[in-house]
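Take a look at the structures listed below.
Below, chain A partners chain B and then partners chain C, in two separate complexes.
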Partner chain A sequence: MAEKKEYLVNRVKTTKEVQNMMIEYYSGLQTARQDGKFLAWTYGPIPFEIMRAMDIRFEHLESYGAYLAARSGQQRLKELSEADGYSNDVCSYARLLRGVTLLHERNETNTIPNVLIVDMPDFLVAIRHCPLQGSVYDYQKRLLNKPGFCLDTMPIHSEDDYQESIRYWKRQLVEFIVFLEDLTKTKLNMDRLKEIMGYVKEGAVIRKRMLNLCKARPAPINTFDHFISLGPSHTLRGRKESVEFWKRMEAEVEERVNNKVGVIKNERFRLYWHNLPIWFRVGRLSETLAGYGAVLVSASYTHEGFYAHEPEKIDPEDPLTSIAREESWLSWLSSDINQAAYLLQKEIEDYSIDGMIMCSHRTCQFVDVGEYDLADLITRKTGVPNVVIDADPTDPAFYSDAQTETRIQAFMETLESSKRRSASSLQK
Partner chain B sequence: MEEVLTKFRTIADKPYEMLAKRKEETGIKIVGCLPMYVPEEIIHAAGALPIVLQEGDEPITLGHSKIQSFFCGIVRSIVDLALKSKLNFLDAVVSPEIDLPIAGLANILKTNMRVPVYAIYQPPFPQKSTTPELLLREIKKCKSELEGLIGQEITDERLGRSIEIYNKNRSLLRKLYELRKKKPGILKSVDVRAIVMASMLMLKEEHNQLLEDLLSKLKTQNPSSKNKVNLVLSGSVCEAPPVDMLNMLEEEGAVIVNDDMYTGARYFCADVQAGNGSLLDAIVKRQLTWPIPCPTKIDEGLDWGNYLVDLASTSEAKGVIHMVVKYCQPHEMYYPYLSKKLAKAGIPDLKLEFEHETISMGSTKTRIQAFMEMIKKR
Partner chain C sequence: MHVIGIDIGSLASKAVLVDEKKYIISYSIVPTGARSAAAGQDAFERVLKQAGLLPGDVAYVLSTGYGRANVSVSNEQLTEITCHARGAYTLNPEVRTVIDIGGQDSKAISLTDMGDVAKFAMNDKCAAGTGRFLEVMARALEIDLADMGDLSLKSTTIVEVSSMCTVFAETEVVSLIAGSCNKEDIIAGIHRAIARRVGTMAENTGIRQQVMMTGGVAKNIGVVRALEEKLGTALLVPDEPQIVGALGAAIFALERALTANINNAG
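What follows is the complex of A and B.
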C-alpha cells in the first residue's frame, strides 16, 4: 500500500469544499443551453452580480485559466493557439481561451477531459481593466461574430479621479444593463440584484474578518488557501451558499486562533505575496516555504480585490454605486503606484511581515509593470526585504521549479540573518 | 534633395542629443509625449515643443533594474534613457495611457525622473456615449496643468493657430505618401521613416518648410520600380521599424508603397476639423474618429483586417509585411486574425518580429527572400 504523504501545511479543511463548488459551477456552464439559459464569456473583474440577477450563466477567462492550470489541462489548448498564430508572448489566459474555441471549431472537444471544457458563448462581456482584456474581447468578438459589451476603467491618480471614475462606472453600468436586457429580452429585477448585493456584502464582510485573523501568531491560515478558495467571492459571489461557506471557513480559522494552532509548525517567517498566484504551483510552493518555517499571511490578490476593501460600505440598496466603487478602487490600485505602496506598507505593519515575494509573470504585463519600483520603495521605507520570482499564472513554460526554489532558499537565508541581526541588537 | 533629406536624417538619427542641444541654446520648453495619440497641438499652443519620445539606440543597462526584459523595446529604452539622465532636457511628459505598458511607463518615469508626468486617458471606445465627456475632461485637465507649468494661457487664438500648423503638416505628409504610392521608390523607406520621425521631433513650422522644399524637389523625380515588388508595411505600433530591416526589404527587391505604422500614416492620418463647437471638442472628435484601426482600441466601426486588405489593393501592393514589435501584446493578439483576413483575400503576408537588443538578421533575410520568391512566382 502506498504510504500516505505527510504535508507540512495543515490546510484549512473547509477550503476543500471549493473544488466541488467549482465543478458544479462549470457543469452549470456546460448545461446552460439545455437549461434554456444564456451563456456569456467574460474577461476582467466583471460585475457578476448583475448577470447573476438576470440568471445569465458566465464563464470567466481568468478563473477558467486558473481552473485549467490547477488541473494541468492547459497543454493541448496552448499548442492549438500557438499553431493558430498566437505568439507565446501573448497573455497565457487568452491563449487558453483561443485553444478552447479551436477545439470547438475542429470538433475535438473530446481530446481533453470533459470537466475542462466550456461551451461556446452566446455573447461576450469584458472590462478593460487590463487593456489586453479589451483586446481579447475585441478579437474574440470579431472571430466568433457574437454580440458583446466592454466596460471601461479609467486610470486613477487622485481622489478627484476616483470620484469621476465612480460616476463614469455608473453611467456605463446603466448601459450594460440595457445591453443585457435587449439581448435576453428580460428586464433586470432590481430587488433580486439588491438581494444578491446583500449576499455579496455578507460574504465580503466575513471574508475580510477572516483575512484579518491572519494577523495572529501563529498564522491560522496560509494565503495559499485563500488563493484556491476565491470562487465563493468571485464567480460564485452573491449566493447564499457562498455566504454559508465563508461562515464555516471563518469558524474553522477562528477556532485555530483561539487554540493557537498554526497552519504550519514552528512559524519563523511571515511573508507577503505580490501579484497573481502561480496557479499550477500553489501546493508545491506552499510546502516549499513551509519547509523553512515560512507562511504567507497576506497577498495583494486576495487582500485587495474581491470586495476586500471596506466591504462594510457596500450598500445593497444601491448596487450600482457599490459596484462602481469596487471597480474604481481596483483601478486606483493598478494605476497609481503611491496608492499601491501605501497599502502594501500598511499590510506589512498590520500582518508583521518579514519578507515580500514579488512574482513577475511573464505574459501578464498588466500586473508586472512598475513592480520593481514598488518593491524598491517598500524595502527602502520599511527595511523588509523582497525577492523576485519569475513565473506565469498558467504557462509552465515560463517557470522553473529549480530556479525558484534556489531563489527562495537564498531569500530564506537573508531573512534568517536579518532575524539574527535584530535578535542580537535587542540583546545589546 | 540630399541636403534637405540630411536635415530629417540628422534629427531622426540622434534625437536626444539634438534636442538637448536645442534646449541649451534656446531655452525652449520641451514636452515629451509617450506614444501614441497625444494631442500635441495643446502643448504647441502653450509655446512649448512637443516631441514624441523615441526608442534610443544604445543597449539597455540601468533600465533592467526598473522594468522586466519582456516589455517592448521602446518602453524599456525610455526607462533606461531616463535613468541615464539622457532625458533631462524634458520639462514634462504627457502620457496618453493608451495601454498598460505605456501607462506603466508613465508611472516609472514619475517615480524616477524629476519632471511632472501628466496623463490624458483616452478611452479606447469611440462609439460609447460615455467617451467624449471623459476624454474632454482629461484633455482639459492636461491643458490646465500645461498652462501652469509653462506659464502661458492656451487661448483659442493660440490653439487655433497650432491646429492650423499641425493640419498643414499632416496634409504635407499625406501628399508625400500619395506621391510614394504613385511613384513607387521615389524615396527609400528609411528616408520616409526619418521624415515622419523628424515631424515627431521638430517644431512643426520648421518641418513644414523642409517638407515643402522636399516636395517641390521630388516633383521632377521619376524613379524606376521595374521588377520591384510593391509591399505594404503594417504595425510597428508605438515604435519605429528598424532601419536594417527596411533596408533589407528593399535590397531583396521590395518597394514600400504604403503603411499603417505609427511612424508612418497612423501619425498624420487625422486632422482636427474645427467646426461649430469649441476647439477642444474638435480635438476630442479627431481622437475618436482616427481612421486607421489600432490594436489598443475597441472601435466597432473599423476592422483592421479589412483595412489592410483595402490598403494593399488601393496601393497596388502584392503583399503585406506585419512589422511586429516583440512583446507588443495588443498587436500579437490580432496578428492571426489579420493574417487570416489577408489570406482570404489572396494577399500574401509575412510576419517580421524585432526587438531592441537583437534581431536575427540572417534568418530574417532568408524569410524575406522566400517571401519575395513566393510573390514573384504568383
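What follows is the complex of A and C.
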C-alpha cells in the first residue's frame, strides 16, 4: 500500500467541502435545459445576485478557468483554441472559453471529463471591467449569435468618482433587469433579491471576520485555503447553504485561534500575495512556502473583492445600491494605484507582513500592468521586501516550477538574513 | 579546515574548495550534461584530487544552482542568487550589484553594504539573454562560442538584432547573413540585444557601484562591453567568473562549519 503523504500545511478541514459544492454547481449548469432554466455565460465581476433571484443559471468564465486549471482540465481546450488561430499570448481565460465552444461545435465533449463540461449558453452577460472581457463578449456574441448584455465601468480616482459610479451602476442594473425580464418573460421578484442580498451580507460579514482572524500569531489559516474556498462568496453567494458553510469554516478557524493552533508549524514569515492565484499550483506553492516556515496571511484577491470591503454596509433592503457599491469599489481598486497602494500598506500593518509575493500574470495584462510599480512603491515606503514571480492564472506554459521555487527560496534566504541582521542590531 | 561549494548550473557544474582563511585551494568546472547528480559528484571529486584531500577531510559541503537538491554529498542547499552575491562580495567587498549570466538564466542582484541580497530579478521562462542564446547564435553563424567576444570588437557597422526570442533571433541572424552583413557586426548586434535585456533587468533592481559580472558569459568580452555601454559603468570581471556561485556556496559552508565548531566547543 502506498504511504500516505505527509503535508506541512494543516488545511482548514471545512474547505474540503467546497469541491462538492462546486461539482454540484457545475452539474446544475449541465442540467439547466432539462430543468427548464436559462443558462448564461458570464465574464467579469457579475452581479450574480440578480440572476440568482430570477432563477437563471450562470457559468462564470474566470471561475470556470480556475475550476479547470485546478483539475488539469485546461489542456485540450487550450489546444483547440490555439488550433483555431488564438495566439497563446491571448488571455488564457478567453482561450479556454473559445476551447469550450469548439468542443461543442466539433461534438468532442467526450474528450474531457464530463464534470468539466459546461453547456452552451442561451445568452451572454459581461462587464467591461478589463478591456478584454468586453472584447471577448463582443466576439462571442457575434460568434454564437446569442442575445447579450454588457455592463460598463468607469475609472475611479476619488470619492466623487465613486459616488458617480454608484449612480451609473444603479442605472445600468435597472437596464440589466429589464433585459433579463424581456428575455426570460419573468418579472424580477424584488423580495427574493432582498432575501439573497441578506445572505450575501451574512456570508460576507462572516468571511470578513474570518479574514481578520489571520492577524493572530500563529496564523490559523493560510490564504491558499481562502483561494480555494472562494466559490461560496462568488458564484455560490446569496445562498443559505453558503452562509452555513462560512459559519462552519469560521468556527473551525476560531477554534484554532483560541487553541493557538497554526496552519503551519513554527511560523517564521508572514507573507502577502498580490494578484490572482496560480490556480494549477495552489497546493504545491502552499507546501513550498510552509517548508520555509512561511504562511500567506493576506492577499489582494481575497481581502479586497467578494464584498470584503465594508460588508456591514450591505443593505439587503436596497440591493441595487449594495451591488453598485461593490462594483464601483472593484473599479476603484483596478483604476487607482494610490488606492491599491494605500490598502496594501494597511494590510502590511494589520497582518504584520514580512514580505510580498507579487505574481505577474503573463496573459493578463490588465492585472499585470503596474505590478512592478506597486511593488517598488510599497517596498520603498515600508521597507517590506518583495519578489516577483512569473506565472499565469490557468496556463502552465508560462510557468516554471524550478524558476519559481528558486525565486521563492532566494526570497526566503533574503528574509532570513534580514531577520538575522535585525536580531543582531537589537543585541548591540 | 576545508569546505566545498558546488554550483550545478544547466550547462556547467562548478566546485570550489576553500580553507578556513577563505583561500581558494582548488576549483573545477565540468559539463553538467543530462545527469546533474553525476556532474556534481565529478566536480566534487576533482577539487578534492587537485587539493590532495579525501572526502573525510571536508568539514561541510553546500550546494547551489538548479541542480542543488541532487548533490548527494551536500549538507545544505542555498540558491544561486544568495551564493553569487556572497561570492562576489568575498572577491570584492565594494561590490553592490551583481549581474550573472549563466547557461539558461540571467539575474541581477542588488547587495546590502553587508553583502546580503537586498533585491534580485531573474529572466522569465525563456532562454533570451542567456548563455544558451549565445550558443544558438554561434551555431547559426558557424563560429566558435569562445571566439564571439573578440570577433564582436572588430565590428564597424551597427546591425540591430531586435528579437529576443531565441528561435526568432536565430531566424533574424540567418537573414542578416543572407543579406551580406558582416559576422562581426551581427555578433555585436547579438551582444547589444543581450545587454538590452539583462541591462534592463539590472536597472530594475537598481545599479549601485561597484558592479561585478559573473557567470560563464562574463568570459565574452563583447557582452561585457555591450553591458558597460548600456549601463554607463565599468564592470568588474573576476579571473574566473564561472565559479563565483560555487565560491559563495563555499563561503557559506565555511560559516556553517565554523559555527558548528564553536557550538561543539561550547
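By definition in this document, the second predicted complex is superposed on the first by the 428 of 428 C-alpha atoms of A that agree within 3 Å, B and C clash if a C-alpha of one lies under 4 Å from a C-alpha of the other, contacts with A are read in each partner's own complex, and residues count from 1 in each chain.
We adopt the following convention: a contact is a pair of C-beta atoms (placed from the backbone, for glycine too) under 8 Å apart; a residue touches a chain by one contact, two chains touch by 3 or more.
What you see is a predicted model; the values in this text were computed from it and never measured.
Asker: In the overlay, answer first, second, both or neither for which of chain B and chain C A:Thr414 touches.
Answerer: Touch partner of A:Thr414: chain C, not chain B.
Asker: Which partner does A:Asn10 contact after superposing on A: first (chain B), second (chain C), both, neither?
Answerer: neither
Asker: Classify the contacts of A:Pro385 with the two partner chains as first (chain B alone), second (chain C alone), both, or neither.
Answerer: Touch status of A:Pro385: second partner only.
Asker: Per the contact definition in the header, classify A:Thr406: touching chain B only (first), chain C only (second), both, or neither.
Answerer: In the superposition, A:Thr406 touches chain C alone.
Asker: Contacts for A:Pro155 in the overlay, against chain B (first) and chain C (second): which applies, first, second, both or neither?
Answerer: So A:Pro155 only meets chain B here.
Asker: One more residue to check, A:Cys91. First (chain B), second (chain C), both or neither?
Answerer: So A:Cys91 only meets chain B here.
Asker: Could you tell me if A:Gln339 is touching chain B, chain C, both of them or neither one (first, second, both, neither)?
Answerer: Neither partner.
Asker: Touch check for A:Tyr372: first (chain B), second (chain C), both, or neither?
Answerer: Once the two structures are laid over each other on A, A:Tyr372 reaches both partners.
Asker: Which chain A residues are contacted by chain C in one complex and by chain B in the other?
Answerer: After superposing on chain A, chain A residues 362, 372 contact both chain B and chain C.
Asker: Show me the residue ranges of chain A that touch chain C in the complex, using the header's touch definition.
Answerer: 362, 372, 379, 385, 387-388, 390, 398-400, 402-403, 406-407, 409-410, 413-414, 417-418, 421
Asker: Which positions of chain C touch chain A when the two form their complex?
Answerer: 66, 78-82, 105, 114, 116-122, 124-125, 204
Asker: In the complex of these two chains, what residues of chain A are touching chain B?
Answerer: Contacts found on chain A: 84-87, 89-91, 94, 128, 130-132, 134-139, 142-143, 150, 152, 154-155, 157, 164, 168, 171-172, 175, 335-337, 360, 362-363, 365-366, 368-373, 377.
Asker: Which positions of chain B touch chain A when the two form their complex?
Answerer: These residues of chain B touch chain A: 65-68, 70-71, 97-101, 103-105, 107-108, 110-112, 119, 121, 123-125, 128-130, 134, 137, 295-296, 298, 303, 305, 326-327, 329-330, 332-337, 339, 353.
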